[in-house]
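Same chain, two partners: chain A is paired with chain B first, then with chain C.
Right, the complex of A and B next:
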């Protein structure tokens, strides 16, 4: 008894001056992200200011987001989850939630309200997909094209169906080596109305219709699997137009000054954000939640747009988006969510693809290999 | 005396200490063997633990399918008697069992995992399970409300606790507790061992079997998973639904005199006036897909603990109602990929032999100084990152790349019709031949450098031409090097996936690309394991065939 008291007193003395909250939080944290310019924007906007606030905190970055679901599952099976906060796309967050690998989030408890007092739930709105996902940015998969390869006397491409028009716009295209997005675009350009795309795609005939449409350009397509492929193919002049993430195109156009332009038509919105692995030890969980609360507040989300052209997921962050930190250009017109760019958009249908992903992918891959 | 002498003479030879020599020798040898074993033990254990065991575990997943019977144990049993070809939906009992299983699975958040698993076989089950998990606690809502309106005791956690323990000193039913422990452990793959401060009473479990089972599962889950106290938590809706079912089934509550007897009698009278809970209609209202026979077929077909489904899938087949059947043509891909992988690996191996042999020959016949310098040129790319070398080939081979530019500049190729040399089989073969070439050259070189030059000289002095001397004398001695190099290159090539992924396009990808996809993207580890097992078996068979035809003793690494 006496010993316990002495110990407690000593501990109290040691931690005097340090906030009580900090005492039961882990002093090291592993963040998982995508690497490259995107991770850099997170370091600048979230991690560095957070570390400045918490002296002695060590942040380890792991660039494994692309395989996050598989790795987290393996870690969980091995009983040793070493990650604290993981950046994943919304579809993966949904799967992690389904697998019981991600923690469920209560937006109003775990996330900061907007500066004007709007609750986090309302501020994020529809973007809170699934029970475990903490949205961070809105990005889009869209097309870029070489301005110097547009044939003389022809309008530059500005319609998604120009991708399928080899006569007016001859040249190679690069498309992602998976059915998602490509199937939707193919149907759109085969006369299917926008709000019927998924109903059609749910049928055997609809899937065949989409593949038949893709078949018309198959010989002129280079299929990519990494986000960096299309920018490189465009920069080398290997392809005339190609799909990729809008932030990648921004850096090709604005940072590397290549003769490339954006074609925003029928861009597909998708979300990227954080999840916290399920069943973390208490001290690490406290640290992860504290970081999340800070890193997803209105100002921090707006700050990230200084380094990368992805739209903040909070409504309240949009007016705060300023200029690029190095280039000094206004970022708002480069956001996928800018009204000028978002005249015709699509939102990734998570429920649909969670169900049909395996089935359609099997058909798509068989079609590709033919 | 004479007996002893006889034995000694005709018996076994003895060593100095009188034990038979044979035994003593064996002991000495055994000690030696043990010492040798102890010396290699660290490596042996290391290999077993870090290499063999994970591979075995991974391969086991290709047949393992316990998740269905662990998550829906009662449904699987109830579904056994259902005739899938009858064209009718399963009986109401199946839906009732499904409610019981689904409720617990949803509490443990395991239902979506099963949904993902079954979605590999039947599109749509993933969202079916997800949406049902959300709504399952509304099933039987009206009945539960009626029960709670009748008597507030049914919302009282302490009343429930006393009811289910049977009061102080009641005979406990530990068998039921252990049974539910196992069920939860199977469901969650966590341990549910430990004291929970609750044991169901024997009398009440006999009177209300379903209720006792549901409450015990609730108690275990509350204490071990949620870390709460049983007596302070109100039971799940599923427990109350189970009670209503028990009462409806005509439990003899009149003859019961334990705690809560009066409330039970009142409840049974009230319940008698209510219509039975229609689980089937409730599930169909949750999601109409519960009325789709296909979904039930899938659950039934995949209910055994082990399945051949993954292996069938891996060879473009599927489980049909009458045994295995071919997949629809527009989904067949794996057989073609296996063939392509084998064919391209052979081509790559062949081109490595063609390119590697002259180099190895040159290296082993040059003066040591020059040979060492050339050796560095062989090894230099070997030390460079695989990704760098693959990306370099991209720069070389693409249509706006170095080779095409040169050809156009030389006027050999027209600017409009540049050669397509990448994102197809050709690109993969070129890049992989380059990457794997050192694995061919090194064993060839080490074998060739042991061939005495005097043999060829002797052949020549006996009148052989250069070609005859090479072909009849030198070449046969270099075959073990070719064999070793070929095995190395072929086995490495068959499992390659990064290079084909980057330069292979659609026609130059390997089966390993699909394995990687199923491991890291689709998370269909069972299928990935099945594909991997087949690949492993193919390699072992080829190795065996090689041993039969060429002889593995003929392989030398130096």
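Right, the complex of A and C next:
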């Protein structure tokens, strides 16, 4: 009798224990990303293996990263946050963190250490910008050009200032419809030294100088706002050269076989990564943290590079970068961080743009409308 | 009045048409101005040649037809040849249609030249309106068979080379989970939303058209407001309201939102048919002992059915095409086809979107044709049209 009771009690406890564990983590999760080839790489490298480990887990993808800040604000006001893990660029992560919409992360507690035991904090290093941002990849905004539109007897463009040189390289250019990057490139090509660009850009005259330089090519610029625009314009032959994210250009050149080549000079590095919305319910938070721990470990970050040419954010992932999953070509030479490509790079200054963005944006838009 | 016209009238008119055709061809070749001048000169000279020098219609039209075809082939390959043949046929016909004065054949003999001019000006304007409405939709269709992943007419496509065409974007639509999920979401949301809007809309229309209902006009205005208020306002309002109710991001939330958008269409079409409905019929039915429900289904409903069906069709299309409200009220689990197309256009310009668009256009055409045929058939059966 007593034995039976004990047995029953332990069974009940075990059952209770199991069910508590199962309830611990939500069995569905909404991930927010950018769509396209980038999201495909995340599905292949992170989500699919994670789902294979956790049977019955449902993952829903929402292609809303472009308006993540606005949507998260609305969700927060409506008291109904439906997202669990959100992929955003570093600048957006900083804004969300400042507004208290993203959860603060402790790298050493929430992220996996490197295989050799190096702590996550050291492994990510400088890329841990802000308290909420979990870096994933390093990408760059750089130029691609049509190889068949290079004029006869002229070297293909290999200098950022070739963008501003309409005489040697006639043809349309596509540039992003915002001041970031364009203003920096304009100053670089107007004789400003690289380490003084942001000092100059902080002044009224400097901003005017950059706009004046852009004015020299304004009639030949097509302005883009979505990452897919420049690849389409290049494939169409509508523009001779255009800026976009390096992964998009890789896809145009290697996967789509278009007559386009990269011009890496003065590429601007930026970061993309995850944030977890603040104040998630406990079970969903546990699921999100578990996923993040898995998806940002050394091997997973290296795996992502099999599908897209963005550099993994961990130092320990770099040696593990292998070959493209379908094409079988080495991915390392296509990374923006490859020494051959990164001879002359430009570092995006987050603090500067956080302080000056609204002001310069207004001037830039006014200039565009002239 | 059908008599040959002087070449001094025919040549300038043909030249003007030629200038327009030349503008199209010239723009495609990157020299619009040259196209205008060359088109006008060439066609005007041709009109002079055929009407003054060599007036043998059959032979002249064949020469124009084939000549333009060869010229087109020389400029733009196979595709150019086909376009050239079309232009050649058109101008050959146009020169003699004008030159022989056949254009007055169907007009009363007493019309003044100015009236004739207005008559054809009206037709040209109508034709241009159709041209500008339809071309963007038609252009999409061949592009959806593109063998490449861009919205571009490749040289292979223009040469009509089979290698330039492929069904891969259609295959992508039917095998890609994202698109299939979106299609099923659309298919499961739109009919339910339509059913709700048709039921509520019809009831509301019947109620609002009986004279004893108080505040008919304000109620009508409120019910129709989703059609008048900017969509983005309704969407934002619904978002916050549904979030509080726990409906945001659920299937029923989207269905209700779409039903609200569809109701005004049903109300308007049903109210319009009710104007022609004879109220004494319902009284007659009641007189013979039918209760109101029977009266509605046996007497009133069959008579207002055309209005109900066209209202339902509008409600269905509204739900099926809607992207703004679903972006707010839905979550990624309710991603509909328009939503998928919207994100697809922004994040990766893939011709799969064009393949989907082509399929949707085809379905719409089939749907509208069926409805129209059914309507004619029922009219014929009821003896309302001689059909």
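By definition in this document, the second predicted complex is superposed on the first by the 347 of 370 C-alpha atoms of A that agree within 3 Å, B and C clash if a C-alpha of one lies under 4 Å from a C-alpha of the other, contacts with A are read in each partner's own complex, and residues count from 1 in each chain.
Following the convention adopted for this analysis, a residue touches a chain if its C-beta (ideal position, glycine included) is under 8 Å from a C-beta of that chain, and two chains touch if they have at least 3 such contacts.
Keep in mind the model is a prediction, meaning the values are calculated, not measured.
K.L.:
Fit or clash for chain B plus chain C once both are placed on chain A?
P.N.:
Aligned through their shared chain, the two binders clash on chain A.
K.L.:
Once chain A of both complexes is superposed, is A:366 in touch with chain B (first), chain C (second), both, or neither?
P.N.:
Only chain B; A:366 stays clear of chain C.
K.L.:
Touch check for A:306: first (chain B), second (chain C), both, or neither?
P.N.:
neither
K.L.:
Mind working out whether A:236 is in touch with chain B, chain C, both or neither, as first, second, both or neither?
P.N.:
In the superposition, A:236 contacts both chain B and chain C.
K.L.:
Under the stated touch criterion, which partner chain does A:98 make contact with: chain B (first), chain C (second), both, or neither?
P.N.:
Once the two structures are laid over each other on A, A:98 reaches chain B alone.
K.L.:
Under the stated touch criterion, which partner chain does A:70 make contact with: chain B (first), chain C (second), both, or neither?
P.N.:
Only chain B is touched by A:70; chain C is not.
K.L.:
Figure out whether A:355 sits in contact with chain B (first) or chain C (second), or with both, or with neither.
P.N.:
first
K.L.:
State whether A:315 touches chain B only (first), chain C only (second), both chains, or neither.
P.N.:
Neither partner.
K.L.:
Going by the touch definition up top, name the partner, chain B or chain C, that contacts more of chain A.
P.N.:
Larger number of chain A residues touched: B.
K.L.:
One more residue to check, A:227. First (chain B), second (chain C), both or neither?
P.N.:
A:227 sits against chain C, while chain B stays out of touch.
K.L.:
I'd like to check the shared interface: which positions of chain A are touched by both chain B and chain C across the two complexes?
P.N.:
Touching chain B and chain C on chain A: residues 66, 236.
K.L.:
Looking at the complex, which residues from chain A come into contact with chain B?
P.N.:
Touching chain B from chain A are residues 66-67, 69-70, 73, 95, 97-100, 172, 177, 208, 222-223, 225, 236-238, 351, 354-359, 361-363, 365-369.
K.L.:
If we count contacts the way the header does, which residues on chain A are in touch with chain C in the complex?
P.N.:
These residues of chain A touch chain C: 30, 34-37, 60-64, 66, 74-75, 77-80, 82, 226-229, 231-232, 235-236, 256.
K.L.:
What residues on chain C touch chain A, complex-wise?
P.N.:
The contact residues of chain C facing chain A are 148-152, 178, 239-240, 243-244, 248-249, 331-333, 335, 343-349.
K.L.:
Taking the complex as given, what residues does chain B use to touch chain A?
P.N.:
Contact set of chain B toward chain A: 109-110, 112-113, 115-116, 119-120, 123-127, 130, 330-333, 336-337, 398-401, 423, 501, 505-507, 509, 514, 519-524.
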